[in-house]
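Okay, structure first, notes after.
The chains carry the letters A, B, C and D, assigned in the order they are written, with residues numbered from 1 in each.
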Amino acid sequence: MATNEDGSVTRKEHHGYIGVSAVIVVMRHGCTEEETEGVRNHIETIRGLQAHISPGVERTVIGVLGEIYPELQNEMEQLPGVLEVVRISKPYKLAGKEMHPEPTLVKVGDVTIGGDEVVIMAGPCSVEDEKQIIDTAITARNAGARILRGGAFKPRSSPYNFRGLGVEGLRLLAKARNESGLPVITEVMTAEDVPLVEEYADILQVGARNVQNFILLDAVGKCHKPVLLKRGFATSYEEWLLSAEYVLAGGNDQVILCERGIRTVETYTRNTLDLGAIPVIKRLSHLPIVADPSHGTGKWHLVAPMALAAVAAGADGLLIEVHPNPDRALSDGAQSLTFENFNKLMNGVRSVGQAVNRPISSGVQ
Amino acid sequence: MATNEDGSVTRKEHHGYIGVSAVIVVMRHGCTEEETEGVRNHIETIRGLQAHISPGVERTVIGVLGEIYPELQNEMEQLPGVLEVVRISKPYKLAGKEMHPEPTLVKVGDVTIGGDEVVIMAGPCSVEDEKQIIDTAITARNAGARILRGGAFKPRSSPYNFRGLGVEGLRLLAKARNESGLPVITEVMTAEDVPLVEEYADILQVGARNVQNFILLDAVGKCHKPVLLKRGFATSYEEWLLSAEYVLAGGNDQVILCERGIRTVETYTRNTLDLGAIPVIKRLSHLPIVADPSHGTGKWHLVAPMALAAVAAGADGLLIEVHPNPDRALSDGAQSLTFENFNKLMNGVRSVGQAVNRPISSGVQ
Amino acid sequence: MATNEDGSVTRKEHHGYIGVSAVIVVMRHGCTEEETEGVRNHIETIRGLQAHISPGVERTVIGVLGEIYPELQNEMEQLPGVLEVVRISKPYKLAGKEMHPEPTLVKVGDVTIGGDEVVIMAGPCSVEDEKQIIDTAITARNAGARILRGGAFKPRSSPYNFRGLGVEGLRLLAKARNESGLPVITEVMTAEDVPLVEEYADILQVGARNVQNFILLDAVGKCHKPVLLKRGFATSYEEWLLSAEYVLAGGNDQVILCERGIRTVETYTRNTLDLGAIPVIKRLSHLPIVADPSHGTGKWHLVAPMALAAVAAGADGLLIEVHPNPDRALSDGAQSLTFENFNKLMNGVRSVGQAVNRPISSGVQ
Amino acid sequence: MATNEDGSVTRKEHHGYIGVSAVIVVMRHGCTEEETEGVRNHIETIRGLQAHISPGVERTVIGVLGEIYPELQNEMEQLPGVLEVVRISKPYKLAGKEMHPEPTLVKVGDVTIGGDEVVIMAGPCSVEDEKQIIDTAITARNAGARILRGGAFKPRSSPYNFRGLGVEGLRLLAKARNESGLPVITEVMTAEDVPLVEEYADILQVGARNVQNFILLDAVGKCHKPVLLKRGFATSYEEWLLSAEYVLAGGNDQVILCERGIRTVETYTRNTLDLGAIPVIKRLSHLPIVADPSHGTGKWHLVAPMALAAVAAGADGLLIEVHPNPDRALSDGAQSLTFENFNKLMNGVRSVGQAVNRPISSGVQ
């Protein structure tokens, strides 16, 4: 590891980040010259950045320029004489809109996510057997879904729950793709499995519990399929975009974000679906964003109203759990729609899509 | 205060609540007979309720019947030998759907809230002067609003913010009603002010910070105007309905609930607008529910998408902040729409309302 | 209401706030001159503040000086060309340490809160009858409590719960003070009751649900007894100090803060007691801070460990619920200590107090 | 996958869980016989469990016995006629106290965690170079630490932050162990790395972001070193214990839990350290629990008061970040203590430990 002559470490060697960001250090009213000098020294000598000192009547303010890294803010708040440190730019770069104003279009076969059309992805929580997944794929397609979802590797909070069929599940998904013509999205839980899942799936899903599994993010950043990145239970928009930044920095620019609810003080619903994330992400980022009202609510009777709401709020797509017989589902039966209810939901979604000038992608030329 | 012969206090004398609820007490595996007897004694002798003991192979389970009160659950969890206590019914009665399955319709002049139509309420955060409120009222009405909102008494987190014009604000609201024909909703902050506000307003609003100001809830429960009850920053659906229960129990059955966002780990938006509250409340209660996307997001550019989403989710109405010149607003300028943007929002809302078979109330016969 | 010649409103007329704060506006990379000019115009012409423009290579930064009010930040973020607005000072003034570095000592009879000694306040959740409150007062005093707590007016989430004895409760508290020699703290729920409660109590408590009941804060700001201000369920440190600012700005400088738990994703405990609040408030403010582990946990068996922890973290006092017979308590029995357990807790608290050089106030000369 | 003759799937084949748990299904007032029969059918025919129906005057209640799995509750709430479903036992078994009442003692060399003594683990956030880690190890040991912490693989929210020295970091840790005699704890981020990290470390740490990385939990469940499992940002006590259950079910019974703060509405501190977790976990589980006030607060000046509070609350140990020069630390400098401050903290911890009869483990015979 490289250190400077004076013993300081210049961080850029670790990451090569060419930042456009800056921070502003506000000194306490009546701070001493030694304190101001200490801050300047920290910035310039220890961290190798530039300090611009503006003495004021009320307070001295010091601007910091250079290759800022996210935690500099917290670090400098601890120095003597410092009142507050404020960051004046976003810590993500590739995921942000400033450097990339046009929306990213993610292409999967003849389906485009992030364009004018709203794309519906549907299927069971878990792949259970051949008949279940193929029946669901064909029904979903006929009702208007463009992408088939289905879990082969399932993260479960208890070790005693059904954890998926694994490779066999991937094979069944591939079979269902052949039968239905729908591309397939499925979850990958660990970096080791990325090559395997990539072989079978058209989109790799990173689940909520893995939103900050950085090893996995690095791995999908190196793969050649689009990645759908779910928001975590307590992930801020900024952290979510930083997780996307991992994938983008790895070289994979086909990233879809998926709002699936956050944990709040309300426990009646499984999660609180934060639909405000949709217009916010549209403002901060060029990446497409879809909503998952099935996990977002955890109750099947709430899925349709929240699906319609997501489309009205501007979602680029929906992820919906559908099962031939939710009562017998091996996982998430409570939030899965029957075929009949999925058909109803598609009709509703089409009406709302039309109302907001976002036609539902239909695959029909 | 009445006590029983043995010194116990029968709670019903305090409130006369005829509960249909019950709780189930689950004893620990291997608990002693003394422990089971202690629980029975607590239920029957101390609390005057009935205990039904079912000894099981694995565990003994004790059902409790009678006039259950909300905190019995927590109280019994502390008794020796008790593993868990579960409540098997809702603590609210008048606000719930079980006893009152048909939706409540709240009538204000010729406007009905809670029926087929979606009712738009619009106006500035604060009443600032005559011209401002009258111009806004007429513009809002022409664009399709049916009710005028405007604050005369303003709760502000800092004592140094503008706190409203008070009685003068109420007078200006009444004037704006005369000029525009729109009924008026405004906030009341304290029980003492209820008669005054009732004199001027058509709907009394109880703000988020007062959702558990029980003195105020008692007072509006006794008044003769409809009450709009905002959800608090960290209020669960159950607590919110219990707060409504205060108003209903006071004799006022014209209550409208208003989702206005809760506080979560996300700080980019002022609050997280929980649109899931709309279908949930529709399922638990007969009371109408409206959404306030202005406070729910805190940023004007998020108001329109979230307003459309709220209508798609099934809201009975919207509360929208509109100001002739948001940049000069004395409060909440950042989340207020210009007249032009409000007109655009109304067009969007009409399209989405039509898509979900909820026409926007227009006042036109 | 006064407006300037150009129609703008200078806010200082509303509140007379002489702020030492400032905000910094960061313009977007590549913003136009018109946009920069628009911001300058907003600051100077519309708001009557001073703008200092610093054009930079990367970004233009504009400092704003003058009588800043809290929501200016949000307001300016909406202007065209603005990337971010950062506030570089605290919105509270009287509650902060910058202008008042020495700790505030709150005096009640011969008890001092905020000095070297830790003050224990104990008593039942609700005053229930004469024997209950007098027995508790004497036992608490003998065990080492210096102040008697007891509710006469009780905020309850359900209208069907016991809501306190009201004035009769105040009279019983006064009697218990005479018998025990302990000063009394009790809750006041509405501005109207302040004169009444002030007549009987030695410290007025503002409860968690009223932390932003600004009418009540104004009223206790005008009273002549110390005020204990509980933190709300979802109140940030800054908002809490702003609520204290209301009381201080009203002229009452005898304010005690009380951490009593916030609502989080964890529902096993009634609240999550945030003991970090203690050292944080000590850093931000000169006001004393005490902890309430009874409400903070909701379970009696968690009260002692959290009470010890609060003292270790630097609390100036504790508020503990004690009841002669918690099983028969009319409210909060589950979190109340028996006399025996309170005695044990006092022994533990004395040891920990000694370990951190904070003797427990004993009243013995 | 095995299915029954009638097409239903008996879940036990997936996991072999012999549950002692049960659920109770409460039917709606006035539900039909068909609805009750439907529930019975679901329980018995579809799920292969036993149903015990108790018709009541007010409501019918159905008990379910057999091998209950966690999501049965949510699933059954969706059936027609069902009002509520309540679970009457914990979903974890090996981690709970019912089957294992005595505390687990985790042994690392001659250090025991979970016994009478409080064990201090200290060291830098990241291993940076040989001198840094060895100096810190020796200083920490001399001050009274019994275990050395240090990160070789670092999870970072931004891809542009320093991510650790990797294998070289592990080697330096091993060297520091040799020099200081202190056993070493370090984080493992992915299942693939478990054999490598196990080779160098004495305790494997699973970080907060990986608390539900089930692949990793499975892997450390198979390893032969103790595992320290941090709580996640929004993890409930129950989920945390379920994550521990993964490790225990894998065959590794040496698990230490670590409270390190959760995310709440308060953003002044990096996290909200939930010290209530300590006595709660002691009540629910036999596993030892330690606290990490460095991550729990994110600010060095809050570490000492929260460390003392954790010991007072009953923590079995502390994890403290110490750095020879926090200003130059490559990560988490803001929350790291200098050697001098660590010495002070140890003195405070010794006093408080003595006050609560928990001596600080000293290694001296």
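Couple of notes before you dig in:
Convention: contacts are C-beta pairs under 8 Å (C-beta built on N, C-alpha and C of every residue); 3 or more make two chains touch, one makes a residue touch a chain.
These figures come from a predicted structure and were not determined experimentally.
Taking A-C and C-D together, the pair of chains sharing more C-beta contacts is C-D. With centres defined by CA atoms alone, the chain at the far end from chain C is A. Each chain gets one centre point, the mean of its Cα atoms, and the points for chain C and chain D are 33 Å apart. Centre-to-centre, using mean CA coordinates, chain B is 25 Å away from chain C.
Rounded to whole angstrom, the centroid-to-centroid distance between chain A and chain C, based on C-alpha atoms, equals 38 Å. Multi-chain contact residues of chain D (touching two or more other chains) are listed as 233-234, 262-265, 267, 301.
For chain A in complex with chain C, the residues that touch the partner chain are 20, 22, 24, 26, 28-29, 54, 58-59, 61, 63, 65, 83-84, 86-89, 98, 233-234, 263-265, 267. Contact residues of chain C toward chain B in the complex are 1, 3, 7-9, 11, 14-15, 17, 19, 42, 46, 69-71, 74-75, 77-79, 91-92, 128-129, 155-163, 165, 189-192, 209-210, 212-216, 232-234, 239, 242-243, 245-246, 249, 262-263, 270, 298-301, 326-335.
Listed in rising order, the residues of chain A touching chain B in the complex are 234, 236-238, 262, 264-269, 272-276, 278-280, 283, 296-297, 301-302, 305-306, 308-314, 348, 351-352, 354-356.
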